[in-house]
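After this come two complexes, each holding chain A, first together with chain B and then together with chain C.
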Partner chain A sequence: MTARYGAWLALAAVLLVALPLVHRDPYHLHIMVLILIWSFAYTSWSMMGRFGLTSLGHGGFMGVGAYVTALLWNHLGVSPWLGIPIALVCAGALALVVAYPCFRFRITGHYFALVTLALSGIVLQVITASRDYTGGSLGYTPEAATGSKLLALQSSDKTVWYFGALAVWVAGLLIWFLVDRSMMRHAMEAISEDEDAAAAAGVNVTAEKLKITVLSALMTALAGAVYCQYQMFISPDTVSGIAVSLQMVFAAVVGGLYVALGPTVGAVITILLAEVLRVGFGTKAVGWDNLIYGVLLVAFIIFLPKGILGSLLERVRVRR
Partner chain B sequence: MQDFLDIFDIYLLEAVLNGILLGGVLALLALGLNLVFGVIDVIWICYAELIMIGMYAMFYLVSGFGVSYWLAAPLCILLVAALGALLHLLVIEPLLSAPPINQLLATGGVLFFLQSFATVVFGIDFRNIGIQLPVLGIGEMHFSYARLLAFIAALVGMVAVYIFMKKSYVGTAIRAIAQDREIMALMGVDTRRVYLITSALGGALAGLAACLLVLLYDVHPFIGLSIGPITFLICVLGGLGNFIGGFVAAFVFAEIISLGGLFSDLEWGYVLAFGFFILMMFIRPRGLLARRS
Partner chain C sequence: MLVVDNLIKRFGGFTAVNNVSFKVDQGEIVGLIGPNGSGKSTIFNMLSGTFAPSQGSIRFEGHELSGLAPHTIINRGIGRTFQIPRPFRRLSIFDNVELAGYYGQNRHSRAKASDAAKRALGLVGLPTDRHASVDGLGAAGLKKLELAKALATGPKLLLADESLGGLDEKEMDQAANMLRKIRDELGITIIWVEHIMGVLMRVVDRVMVLDHGEKISEGLPGVVASDPRVIEVYLGTDAQATQAAAAERRR
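What follows is the complex of A and B.
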């Protein structure tokens, strides 16, 4: 079993690494990079979403990651190599400030979703309001590097970005597996079943929830920063706000938020759907992708709450 | 220096009064959401999108077909009430026994749907109903009639809901279900029917809000994203399902936005209000009027 599993894993790894070297179509590579970056973002959301901590604030963390990195580079000339860690610290601090009172005072379920919703609203409004620095709703572009491109973490080569995004995505999956094998997972599962019982059994409920939330926020901010460096253009609507938060929830739910590759499957489906519609119907398709998403999201939650991959894996397991 | 202070005070007073007018509208927004939450224990994340659809209905009825505003308003309210009932039948009812967060996320799907529906059908242009109401001048202060009308209509709507809940049989049943949903089913109350009526009522309140907001703002498919968050914050700040708390919170919020907007941009007023909200979550996590545990 493990040998076969390892063989599949090696094959997948070889295929993923070899792909850009064999198939050099820049458009397809672009789609692959987007899928990898968003998969990582959706995986980050599912890190806490799978334990019943439904955050609608991840658009906020992503916005902080993208904008702090870009602002530091443009205004202070801080290299993203330093800027990204600073952005991550900011996002982590934000997560602590919002999540601590939530967990300390046991704000769960609806309340937690709405409080975090407020967070993505705030980040969006702050970005829009400080338009003198951030360009407001018109968007923002990190200045092209004049000196070393490596120092500026910029590249026009899609292959380079493919490997970068692949590395980030793999790192996300590794973190998922590390959490999966740790005590944290058991603690969080106990908490999501019954907080009182978990506390009685000696789990430090607040601390455990904070740990997973900050981890998830850090990863999401990293996704935002990578997205910003790759696209070289960010706007409040594409990296922050409620729409982005809901987009994360949607993709994770459709793919399956309880399995490691579920969010990735969600990203593949959503991005391919949007691209097929865009290429097939051009500007006539504006809005159609979200129309379909909306119907699918409702249908999935009603009929297939474990998501596509989750349900498939379950079926395979039952058959064995 | 004295002159400066005089001008300052007039603006301050104007901002305070405008805040109160805004508060009335926000209170109406919060009421519908609170009603649905209090009775069915579901949060309609797509609540503001229902309002958006209502605003489009008003726009097309009034500027498209030339229906008078006073005739279009009841039609709009009926339409959104029907949408509310439909939302309950199609999305919420199949999920009543699912974890509550699933219901919230499913209405998030409806949010996506309605937003893109509006984009596809109505386009992304900003549309104005084209009714210009005069500006009321008292002394050196200026208030728009539209805001005043919205404030009064919001108050009337809230009183009407209050009387309905207190005096009518169905209203009593709704309040009883909000207290204990298991027992009431045993007492012979048709929960399904009560839920439907509540959803329609919540929709009707959204429709009323749409009739009023269409006078104040241009309609576009993404207007829900600017109305929605503030409504949710008010409901949480007042305590979800707590009608009076929502009412108080609406005015507190409106004043912060209005006064914040006086000293800086309007967006900073919102930022201030959001910041206040997070601060309050530390101090009163269960809502403004909740007793401390």
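What follows is the complex of A and C.
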């Protein structure tokens, strides 16, 4: 790491930390919090997406993270501090149950994407069908804390949430860098190119793929839980289901899924796009964002497969 | 070191390998030859764990191997190369070999893997620079990389699927001498699969000939090369060249 790189990093850190203290507009802070939480979710998806493990089931993991946390709190009074770890364990177990047979029987590429697509659908159906507990498609609200707000992991202060979301996002980037510098990345790159050759180099292909998948699922579930605690309202359409899964793919591809900050760039673009449409056109533009996502996704995969940030960084590197 | 007993592999109704038995002793270079489709690669794939045998046993240093996963077999000390090189193009040359050094030696440590990579690259004659890209390598270079990857896993037995087809005369000789050097200097036992017999016959201690999944001949190169059955089923027009090579070796 060069000194100049370090200086930029320090500057970015100062700006990010100072922002809510200087600029106190609650709407802008709200957008920032959303961007940070979704950036973390998209980063989580890219943890495995960058290695050719295209999951269309991450909406499922996010839904488990959000709903398990909220259900434990409302029905059993379990604090999210304990509820979130339980939700993560559930998401991790779900990832194992779905991914192990896939990897063991070498279901890869399109077929893997289809299996995970089914996962998205199943989680959505389970939430909708058990409406007596989950509120079904009308959504679900964690009950407001009567005692300690800290214990309930609730706060109405946007600044508090901004720092919380910032911490989670930074943690996501750190995990990205840790994986990026580990032998695990090399093993996964090798696996994504040629599983047999990777096995001949001594790599336990099934185990390595499972590790990255479970890690990705755990992170995504955490994103769901944090989103739930922040918004205090979740519905199957906003935290689970196929639409959320596709949104993750879209944002990661647009930002650039092979670079650390790519998914973050993707989050900035998708959320600003959705907000501009919502504010600009109101109810006349319902669903437009999805249409634009779809068109852009096709365009990006064909013309800019490394995404915006990925392609930019490549240009800069070539010029040097 | 390696004892193979009554090995059989069927794919549906087709028997690719039929009742093959052989032994390989420590420090030998054994050639495995046969025409295309004779079952050489299938035997290799069973030895390296890619296929499980339909029947029979493979014992390595006294332990049964059949049915184990490829990565487990690598960690027991059997390295392999592929007939067509299969480099990881998204990794640098060094990272390719380091990966094999790390996972092939049961993930001991990255420093150890890095050392193993440097040694293997040095031995085969590839740059040990960390960033050199695979894309710069030609056919001979890719074969060297394939070999370096196998060596970095720290094998006691090397399964070399060395089709020298794409190489010129000089490169073939280099590749053959390389295998001999690996045996002489590192003490690694080698099974060498090849269908061009000339070069192989100069290097191996012993040769086995397969045809239609069965072992039809085995012994010293000179003896096998003049075995009428071998000449009949396999050598054809190549016979004279092979016998000449074997004669040269005897001299």
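Before moving on, here are some points about what is shown:
Basically, the second predicted complex is superposed on the first by the 319 of 320 C-alpha atoms of A that agree within 3 Å, B and C clash if a C-alpha of one lies under 4 Å from a C-alpha of the other, contacts with A are read in each partner's own complex, and residues count from 1 in each chain.
In this section, a contact is a pair of C-beta atoms (placed from the backbone, for glycine too) under 8 Å apart; a residue touches a chain by one contact, two chains touch by 3 or more.
These numbers come from a predicted model, not from an experiment.
Legend: residue contacts after superposition of the two complexes on their common chain; A:C228 is shown touching neither chain B nor chain C. Touch criterion met: A:D196 reaches chain C, while chain B stays clear of it. Of the two partner chains, neither chain B nor chain C is touched by A:L88.
Contacts of A:N204 after superposition on the shared chain: chain C is touched, whereas chain B is not. Once the two complexes are overlaid on the shared chain, A:L215 sits clear of chain B and of chain C alike. Touching more residues of chain A than its counterpart among chain B and chain C is B. Contacts of A:C102 after superposition on the shared chain: chain B is touched, whereas chain C is not. In the superposition on chain A, no contact is made by A:L277 with either chain B or chain C.
Looking at the shared chain after the overlay, A:L309 reaches neither chain B nor chain C. Only residues 183, 186-187, 189-190, 192-194, 196-205 of chain A touch chain C when the two sit together in their complex.
On chain C, the positions that touch chain A within their shared complex are 48-50, 69-71, 74-75, 80, 82, 86-91, 95-96, 98-100, 102-107, 110, 113, 149-150, 153. Note for the complex: chain B touches chain A at residues 37, 43, 45, 90-91, 94-95, 98-102, 104-106, 108-117, 119-120, 124, 221, 225, 228-230, 232-233, 235-236, 240, 265, 267-268, 270-271, 274-275, 277-278, 281-282, 285-286. Across the complex, chain A meets chain B through its residues 52, 54, 97-98, 101-102, 105-107, 109-111, 113-115, 117-119, 121-122, 125-126, 128-129, 241-243, 246, 249-250, 253, 286-291, 293-298, 301-302, 305.
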